[in-house]
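Each of the next two complexes has subunit A plus one other chain: subunit B in the first, subunit C in the second.
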Partner chain A sequence: MQFYIKPKQKNEILKTLRGLGESFLKEIEEGKNPSVEVPVRTLRNIKFDPKERKIFLGGYVSKRYFLHLGETRRFTQLAGIASLSKKLIEEDKHVSLREAFYILKRTIPGLKKNIVEEQEESNRAIEDLELVINALREQLHMNANKLGAVAGNVVIKDRGDLIDWSKLGSGGWSVPSNVEDIEFVEVNAKFVIYVEKSAVWERLHEDKVWKKLNCIIVASQGQATRGIRRLLQRINYELGLPIYVLTDFDPWGIYIYSVIKFGSIALAHISDRLAIPQAKFLGLTGDDIKKYGLEKHLIKFKEIDEKRLKQIREYEWFKHNKDWQRQFDLMEKMEAKAELEALAARGITFISEKYLPEKIKNGEFLD
Partner chain B sequence: MQFYIKPKQKNEILKTLRGLGESFLKEIEEGKNPSVEVPVRTLRNIKFDPKERKIFLGGYVSKRYFLHLGETRRFTQLAGIASLSKKLIEEDKHVSLREAFYILKRTIPGLKKNIVEEQEESNRAIEDLELVINALREQLHMNANKLGAVAGNVVIKDRGDLIDWSKLGSGGWSVPSNVEDIEFVEVNAKFVIYVEKSAVWERLHEDKVWKKLNCIIVASQGQATRGIRRLLQRINYELGLPIYVLTDFDPWGIYIYSVIKFGSIALAHISDRLAIPQAKFLGLTGDDIKKYGLEKHLIKFKEIDEKRLKQIREYEWFKHNKDWQRQFDLMEKMEAKAELEALAARGITFISEKYLPEKIKNGEFLD
Partner chain C sequence: MTEVKEEKTLAEEMGEKIKEISIAEFFEKNKHLLGYENPTKSLLTVVKEFFDNSLDACLEARILPTIKVSIKEVKENVYRIVVEDNGPGLPPDKIPIAFGKFLVGSKFMRLRQNIGTQGIGAKGAILYAQLTTGKPAKITTYFKGKKYEIELSIDVIRNEPKVISRKEEPIEKNLHGLKVEVFVEGRYIEKGQSIPTYLKYIWITNPFTKIVYDGPNSSFTLERVVNELPKEPKEIKPHPYGVELGRLKRMVHMTKSRNVVGFLTSEFSRIGRDSALSICKIAKVDQEKKPSELTDEEIERLHKAMQSVKLMSPPTDCLSALKEEYLAESLKKEFEPEFVVAVVRKPAVYRGYPFQVQVGLAYGGKIQEITQEAILLRFANHTPLLYNQSDCAITRAVEEVDWGNYRLPRNSKGLPPAPLVILVDLISVWIPYKSEGKQAIAEYPEIIKEVKLALQEAGRKLSIYLHKKFVREHLAMRANIFEAYSEVFSEFVSDLTGKPKEYIKNKLIEIIRRGEYKDGEEKKMKEEVIEVK
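And now, the complex of A and B:
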């Protein structure tokens, strides 16, 4: 749990940001060359801990100087983002990554060049700052995408509103891009089902799965956003509820699980802080295909599926796991994938009334 | 308003579906060949009314027979979907298009062939049925995607829950795929702002735009789903509130507006029933670029943008509209597009506190 960042450290973050700016100023006034240490984010510094099954960033650090021909620009971008973040926290406002880019696409008095020209530059500066001051971008008030819905026996407090996730009709609560400030007021649920498809979420919601199984149901559409990952992580760490990941039986669904549990390589610099090592896979398996008679509904692999399967089964965290390798073998043998919606062929509410209760009761999870 | 379908006609739809099945049975028992009349959905039957500025389906109808070598399959698919729909309405359950496909991918006693093999077939059967019994697929309990969020001074009732759109924290209410059954209980808003980006919705929501301007804010991500379009349409037709569409200044944003207002060619068979002819364009314009000093933030056109612009400006409903042609000219001259987020360069809350109030006050809409 060492990597878990508790929410609500606003004052601390603000203090760190101010300290960063003040140290730059002081060094300039003293005629020194300001610098920051930024952990290296290239592949050689991204490691996997096979015991804890966790991606993490190694110890390589590069020092970046203000007065250095090759580094001045990135140093200034970092300072620009830090300054914007300080302003945002002080004014209690948030911006999207795209807005942050436009705000930084401006010149500095005396110069003709913009601080950033492309969004990649501001994004990278945000990633740098996350590492330099050890905070998530959400805590720096910079948000990624908003997506997803949630329902369950939970009452939260957010922006002064008490919100009961069990009383929101067919729609549910729309998950914001940033969940750092929500408070859990009342929780009467035993676990969380996260599902990769909002259509399946609507199935579970209409069938009152969260009520009958006493759980929370969360959906995205495809990959989970950072907002959803942080929501799941907070529920897991702060409330101690298990997270079950419900996906299709295909390399893409398993990758969604992989990112939630282990983190992603693209965001490796932060993934050890977004990962949920205790998450379990509740999605369709090769065994389910037989058990629930879904053979007829298998979808033949395309070349791209085959390729993806080969990549995924070589991931460090799957490579030495017999259970997963067995699933990959089954998939390879079938040369096919299967979707959660195929369960509808067994009955409209089959997934809600048979499949999920049975698998959960028998503890049929993959780890 | 002739095309507007009121919600809550369940009994009527159920009666129609039963009548359809009974007429088939009766004809078979009498030794006749059952048939249905399905309006033709090819381009030659899709028309545009320049006076009412509305896409509609012409009068061509094709008769489809049960006992006919080339038509038996499609006739059976239609009957299969009608039967599923009847069951769903009776049991008060809904399915996604994908679930409907899996449910229909089954044989009939005595036959070895599945009713449908591909989702295109079940989708087409659903579209046929929409026309045959003159109802939206949502009323047949078949849902498309779920996406989007809403906030504002509105209280609705949905599945027995009273939901206050003004008290849902930073997330808002998650819009379901099917809004046919929601009831508007209390509405204290004067208009609706629909925005194509959820990040911009979060901007407006954080800045309390719906409170300050007394409106409702709705977002999707990209194209509006059918759920959102029906929500906007119901608010417009039933509550009489104007719908303002807020998009980027580019062919893609204008197309989003075009679909909401006029309907789409792909869904032309139903678009005259999903369209909102009174919707107005509140998005970025070529004039805004100058007025708000966004020249620096223009994004150079790529070939695909240029091509799309050429297509859009030739649409029947834009072709003879001077205001729109002027905007297209401006865009063509600039050879560039601009995003809503660029307004953040003028100030974090500029869009909420200056841009929107000013444009709405001055009535700077495009029609």
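And now, the complex of A and C:
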């Protein structure tokens, strides 16, 4: 559990928020331009730690000033979010990102402008604050929409309610943005399959894969949300269950796996709270295509796919990995990609009854 | 040399022609050249002719001019026009000839910077009035302690003045001046190429003049901004480089000199005995020959030779520009801009004629209420040119200046789209008009170059002003923005710390008002990236 950092306590966060305000006040009282240091979030400040196998933020910090034409607006928004967060924590209320936007949005006296005009601005201010005080937006009591689906032999406790993941019908349980306070009451599963497509999740759910293989199945649409990633990380760290990632055989699927395992470039500052270095790739490979005879069901590469492939194989964490480079070579040769749904060509339940059990039994993972 | 029309050709032609046809007939044939091609322009031309005469008379007598113009509609499209000045007046005996007989212009053969030069101006106006309304002109002069009132018309068959009545009465001794009253058919307009516009513009370049206007719809008084007349322009003799063959032929016949060398040295500027001898030698003309006995071929050879010898440039004391500050002052008064600059160039020479350019730029202020596109005011010898703007050397020069270099919006063609008044005044003993209409100046490279240089110099000064203004406004804008954001920022900091909002806000505003955050610092601050570890 060495990578797993327990979230800060409420009091600690309140103290940090007050501290931020005090630092502004001190500068103002000294007649100085109020400033704040924000870690730089561009690619040049993204580092990969090969030992711990995750992406992290380098040491570049940029100093922002309140009295600066290009920054005053963003600086004010940051202070606004900090003030909102303090109130929310004190009153023990949570708001959605959309609500946070409306709370912050009002006219600045003397200017024909609002403090925020678009939700993008308040979202960005929230991300800035996360970076500045090193906390998650969920800890600041601001949540994204719930998303995705979970099914499995697990009982959890959420705000006092017991929820059984095996008894939620066809839809499964939706993962909230904030999973910090969820308690695992009863767990009867050996591993987790995370699948990048809800359509495939529905297939696995209908075929009762979680029951048959004794696992948890989790899905989102496309890139995993923070809530899902944090949930997977907690299951991995706290329950010790392996995480298997099921995706298409294309650069986009492989990057979804990469984000779950190593962390993302956009959220490199919170890799510690999201990355799962022990996650394994269970998705389609170049070898699977031959083995299951999917050659006729490939989709030709577009220019954008080729470009993305070139980018991905150059990432620090893939560059020196022979197994992955071999897969990239196969993909490049085929000049095509394969979707998980293509397995249906071999039979509707082929993926549930043959593909997954066989691969897991034989330990055909990529790391 | 086809562009520059001989200023006397028309007048002389008239002289020759009126022997054969009536003067009315001639006027009818040539009215487009004299400024009477349509009712609007005709009305303006009448006023302009009398006004220019008055201004010239005052200047010549070194009197600070006060000129009153009154226009009243007496019936539909018929106006009574009165122009009155405080000039020296005229001896009553000269009045019939001065106002009622063609070819008696006093300004005929002179090379001097003057406003009117045609020698037909006032008479043309009187004739036009007579032809359209049939009413005589009434000339009043205050002269040597008496007031004379003379009504006259022109006998168009005989080209003779016909005095209808003559009154005289004693007045106070030191009163002087001249008043002309005519009834004219025409069309009056208030704006654009109109009489009020003409008066306002001519006042800008003659700011020592007081103009009292009493029009059909409006009246105004333009007070003089300067109580000093410009220095008197001297008369000069023609310079050999600028003289045309036709003119040379006339000069040969009119000279009192007994031989060619004497003719050359006395009738031209910058020709000494040595130059005169070498001209004769090159032209293979006997230096002792009597000028009036020269053959046409000999005159042509002389003309050619005159262009080939090296001579000093003509003297420039024949030009009288305004002082820069006076021009700036009157521009300021007329347009109420936020910035004004005037530049007067040193005299230069084209084809042997000295000329001088003065320009003024007025920017912003009240001009913004009138226009967002630059307005060009063209002048020749301090007289506004209201017509044919697109066809003029001044316009071309203005359009060739890259206004974008002077912090004005750039315009690929035409005038810059800015609240700007551009004034260009070309001063010369000989303005090269493109046509007899005298509204557009021929495009001599020397003239275009001088106008451009003057505008560029003025443009640089405008640019400095605009830059300072930009910095000032930018700083004020920054302070405004910062103060507005401080309002909400201090509220947030108050939320976080518990300190009162007003306390934080006031401290912040102190910091902002100290204004220590300049652009330069700002740039540096932005690049400040600290590497930890």
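The rule we apply is simple: the second predicted complex is superposed on the first by the 300 of 367 C-alpha atoms of A that agree within 3 Å, B and C clash if a C-alpha of one lies under 4 Å from a C-alpha of the other, contacts with A are read in each partner's own complex, and residues count from 1 in each chain.
Operating definition for what follows: contacts are C-beta pairs under 8 Å (C-beta built on N, C-alpha and C of every residue); 3 or more make two chains touch, one makes a residue touch a chain.
Given the structure is predicted, the values throughout are model-derived calculations rather than measurements.
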{"item": "Partner chain(s) touched by A:Ile103 [first = subunit B, second = subunit C, both, neither]", "value": "first"}
{"item": "Touching partner for A:Tyr194 - first (subunit B), second (subunit C), both, neither", "value": "neither"}
{"item": "First (subunit B), second (subunit C), both or neither touched by A:Leu147", "value": "first"}
{"item": "A:Gly31 touches, of subunit B and subunit C: first, second, both or neither?", "value": "second"}
{"item": "Superposition-derived comparison: subunit B or subunit C, residues of subunit A touched", "value": "B"}
{"item": "Contacts of A:Tyr292 with subunit B and subunit C, given as first, second, both or neither", "value": "neither"}
{"item": "Subunit C contact footprint on subunit A (complex, rising order)", "value": "17-18, 20-22, 24-25, 28-29, 31-34, 37, 40, 59-63, 65-73, 75-76, 79-80, 82-83, 86-87, 108-111, 115"}
{"item": "Touching residues (chain side subunit B, partner subunit A) in the complex", "value": "88, 91, 93-96, 98-99, 101-103, 105-106, 143, 145-150, 156-163, 167-178, 181-182, 198-203, 206, 219, 221, 296-297, 339, 341-345, 348-349"}
{"item": "Complex interface listing, subunit C residues touching subunit A", "value": "478, 480-485, 487-489, 491-493, 495-497, 499, 504, 507-508, 510-512, 514, 517, 522, 525-526, 528-533"}
